[in-house]
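Going by the order they are written in, the chains are A, B and C; count residues from 1 in each one.
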Amino acid sequence: MINILVRYWPELWSGLLSTLGSSLLALVGSLILGTLFAFMEISSHRWVKFIGRVYVEVFRNIPLLVVTMFFYVVIPMFIAKVNGFTAGTIGLTIYTSAFIAETVRAGIEAVDTGQMEAARSTGLTYTQAMVQIIFPQAIKITIPPLGNQFINLVKNSSVLAFVAGFDLMYQGNVVAATTFNTSDTYLAVGLMYLILTLPLSYFMRYLEKRLA
Amino acid sequence: MKKFVRYLLPVAFLFSLVLILSGCGKKSLSQQDVLTNDRQSNTITWGVKADTRLFGLMNIKTGKVQGFDIDMARAITKQILGKNGKAKLVQVTSNTRIPLLKNGNVDALIATMTITPDRAKVVDFSEPYFHAGQAILVKKGSSIKNIRDLNYKGAQILGVQGSNSVQNVRKYAPKANILELSDYAQAFTALKSGQGVALTTDNGILYGMSVEDPNYVVAGGAFTKEPYGIAVNKGQKPFLRKVNAAVKQMKKTGEYQKIVNKWFGNVQGFEEGGN
Amino acid sequence: MHNFIQAYSWLNIRYLLEGLWVTVEVSVLSIIFSFIIGGLLGILRYVKIKYVSAIIGFVIDIIRNLPLLLILFFTYFGLPNLGFKPEVIPAAILAMTVFESAMVAEIIRSGIVAVDAGQMEAARSNGMTYVQAMWHIILPQAIRKMIPPLVSQFVSLIKDTSLATIIMLPELMYHAQIIYGQNSNYVLPMFLALAVLYFIVCYALSLLSRVLEKRLSA
C-alpha cells in the first residue's frame, strides 16, 4: 500500500486537489442557491413558494448520480458541452442546495416569530426586518450543520469518478486498473479521504459540544 | 494529553486495520483446483462483458447477455464438461475483471481481453482466440482520419478504465487528453454527447458500436495488434490446458468459424487480424 | 415525441421495473439490517462500556467519513481476499448496511444525547434501573426526535443504491444505462423515467414518515 502511495503520488495528489476543489466550489454554489430557494420557500407569494417547494422536494428525492449524469450526458446532447469536472460540480451544487435550503428555512423559522412583529412595529419593512434582524440569527443556527454538509460534499464528490472528473476516486480507479492491486489501492484512497474528512468531523463534534 | 490520545487512537486503529487487510491480500487467492471444482459442480463460471455489442451485450428482451465471447464460453464449457456442462455468466467490466478473477468470483475471463505482458504477470492467458487491433471511432464526416490526427493539445479521447487501449493511445497521441469512463456503453454515450472527439479501443468493439449507430464510423484502420486471450488464475495449469485444447478442437471442427461468422459475418469493413 | 413513445415500449419499461425491483429489494433489506445493527451500535456507543464503546466509536467514525462508493468497491473486491466471496446483490446489501449502520448509529446516539440528561437521574431516583429508565423514559422520547433524520437517511440510502452500478448491481440506474447505452435517442426519456421513478419511491417514504411522526406525537 505504501509503495502505491509513493509511486502514484502525483496522480493521487492531483485527484485529492480536484476533490477538494469541486467540494469547495459546490459548497459556495449550494450556499447561494440554497439560501435563494429557502427564501422562495417562505415567500408569501403563492407561485414563488410553489417553485421553491418543488425544487427542494425534487432534488432531495433524486439520486446525485442521476443529476450528475444528466449534466454529463443529456445537456451536451441538446444545449452545450459540459466536461466531467463541471458536470460533477454542478450536480453536487444542485443536489446539496436542496438540503441547504431546508436547513436555512428551518433556521429562519426557528427564529422567534415575535421578533418579526417587533421589528415591523418599529417601522422596518418586511424585507428590512428579514435581512437585518431575522436572517443574521438564522445563519448562526445554520452554520454548524454546514461543516457536516462539507464532509458530505467531499464524500459525495466521488460521483465525479463516473464522469471522468479526475477526482480522487477516479484516479484511484485508474491506479487500481494499472497496478491490478485493487485492495491496496482502495485502502490508500480511503486513507486520503479520511485525511480530508476525519479531522473536520471531529472538529464539528467539538463545536457542537461547545455550542450545546 | 488525554485528548491527544483520544485522537491518536482512531488513527492507530485505522493503520492496524489497513495493515491487517493488506497483509491478508497477499495469500488467499483461490488456491483450490478450479478444474476439479468445476467438474464437481458441473459448472464453469465465466466473467463476460455486458456492454459490448458483438462480444457480450445485454439483450433487454431476454435479460441475458449475448455475443461472440458468450458463445465461445458456452462452447468451451461443453467441450470441457460434456454436453450437460453449465456455463454461469458473471458480468464484468474492463476495470473489474481482474479483481473478480483474482478473488475467485469467476473461474475464467472471456471478456475482450488483450494478452499483454503486464497482465500476464498477474493472470495466465490461453492461446489467442481472436485477433483484434486497436482503432478509433469518430462521428461520420469528422476531419479525424486516423490516430495521428488526434495528437494535438486539447484533443479529448475517450477510453475505458482498465483497458490497455488507453495506455497504447498515450504512445500514438501523447499530446491528447484521455478521459476514462467506467464501461463501453458509458464511453459511447459520452462520445455521442461530444465529451470527446474520438473513442479508442479494439476494432471489433468499435464495429459493434458502428452497427448500433451508423452515424459513427471506424477511422483509419487498426494501429496495434490485440490478440484476445482467455484469462485464468495463476496456478491453474490443468484448467488452462483444457481451455486451450477446447479452443483447438473447436477450430478443427469448424465450430469456431461458425461462431465467428455468426457475429462478424455481416459487419462491413471488419477483418480479423488488424493489419 | 416519437423517441419518447419508442423509448417507453413495454419491453423497456419492463426492464426498468425489473431494475426498480432490485433497487427496492436492496434498499428494504439494507434499511432493516442497518436499523437493527446501527441501533445496537448507537446504544452501545452511548452507554460507554470501557474500550467497547471507544472501539465501536472509532470504527463508526471511520466508516461515516468514507465515500460509500469506496465501501462498495471494497466489499465487492476487497472482502474476497479475506475468504468471503459475496455475489453482487448480497455484496451491495452488505456494503449499504455497513455504511448506513454507521450513519444510523450516529443518529441514534445523538438522539439519545439530545434527551435531557436530567431525566435519567430523575428516573433513577424514582427507583428505576438503568435499563428500565432507558427503555421506558429515554428511548421513547429519543425515537420521536430521531424519526426525521432517520427517514432522510433512509431516503439517502435508496438514492445511494444507484452508486452500485459501479459493481454492476442490476438495479434501476444500471438498467437505464443499458437501455440508453444501446440507443442514444432514449437518453432523455430514460433520465426522465429515472427521475420520476426514484422520486416516487423516495417521496413515498418521506410521506410515510410524516404520518408516523404525527401518530407518535399525538
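Details
To be clear about the criterion, a residue touches a chain if its C-beta (ideal position, glycine included) is under 8 Å from a C-beta of that chain, and two chains touch if they have at least 3 such contacts.
Here's who's who by UniProt: A, C = Glutamine ABC transporter permease.
Predicted model only: the values in this text are computed from it and were never measured.
Chain contacts here are complete: no pair of chains fails to touch.
Of the two chain pairs shown, B-C and A-C, the one joined by more C-beta contacts is A-C. Most remote from chain C, judged by the distance between CA-atom centroids, is B. Remark: chain A and chain B have CA centroids separated by 36 Å (rounded to whole angstrom). With each centre defined as the average position of its C-alpha atoms, the distance from chain B to chain C rounds to 33 Å. Averaging Cα coordinates per chain places chain A and chain C 19 Å apart. For chain C, the set of residues touching two or more other chains reads 61-62, 77-78, 81, 166, 180, 184, 187. Counting partners per residue, chain A has 73-74, 77, 161-162, 182-183, 187, 194, 198, 202 as the residues that reach two or more other chains.
Shared interface positions of chain B, i.e. residues touching 2 or more other chains, are given as 10, 14, 21, 25, 99, 182, 186, 189, 192. Partner chain A is touched in their complex by these residues of chain C: 61-62, 64-70, 73-74, 77-78, 81, 152, 155, 159-160, 162-163, 165-166, 173, 180, 184, 187-188, 191, 194-195, 198-199, 202-203, 206. Those residues of chain B lying in contact with chain A across their complex are 7, 10, 14, 18, 21-22, 25, 94-95, 98-99, 102, 118-119, 122, 161-162, 179-182, 186, 189-190, 192-195. Residues 57-58, 60-66, 69-70, 73-74, 77-78, 151, 155-156, 158-159, 161-162, 169, 172, 182-183, 186-187, 189-190, 193-194, 197-198, 201-202 of chain A touch chain C in their complex.
For chain A in complex with chain B, the residues that touch the partner chain are 1, 72-74, 76-77, 81, 83-84, 161-164, 170, 173-174, 176-177, 180-184, 187, 191, 194, 198, 202.
Residues 11-12, 15, 18, 54-55, 58-59, 61-62, 76-78, 80-83, 85, 87, 166-168, 177-184, 187 of chain C are the ones touching chain B in the complex.
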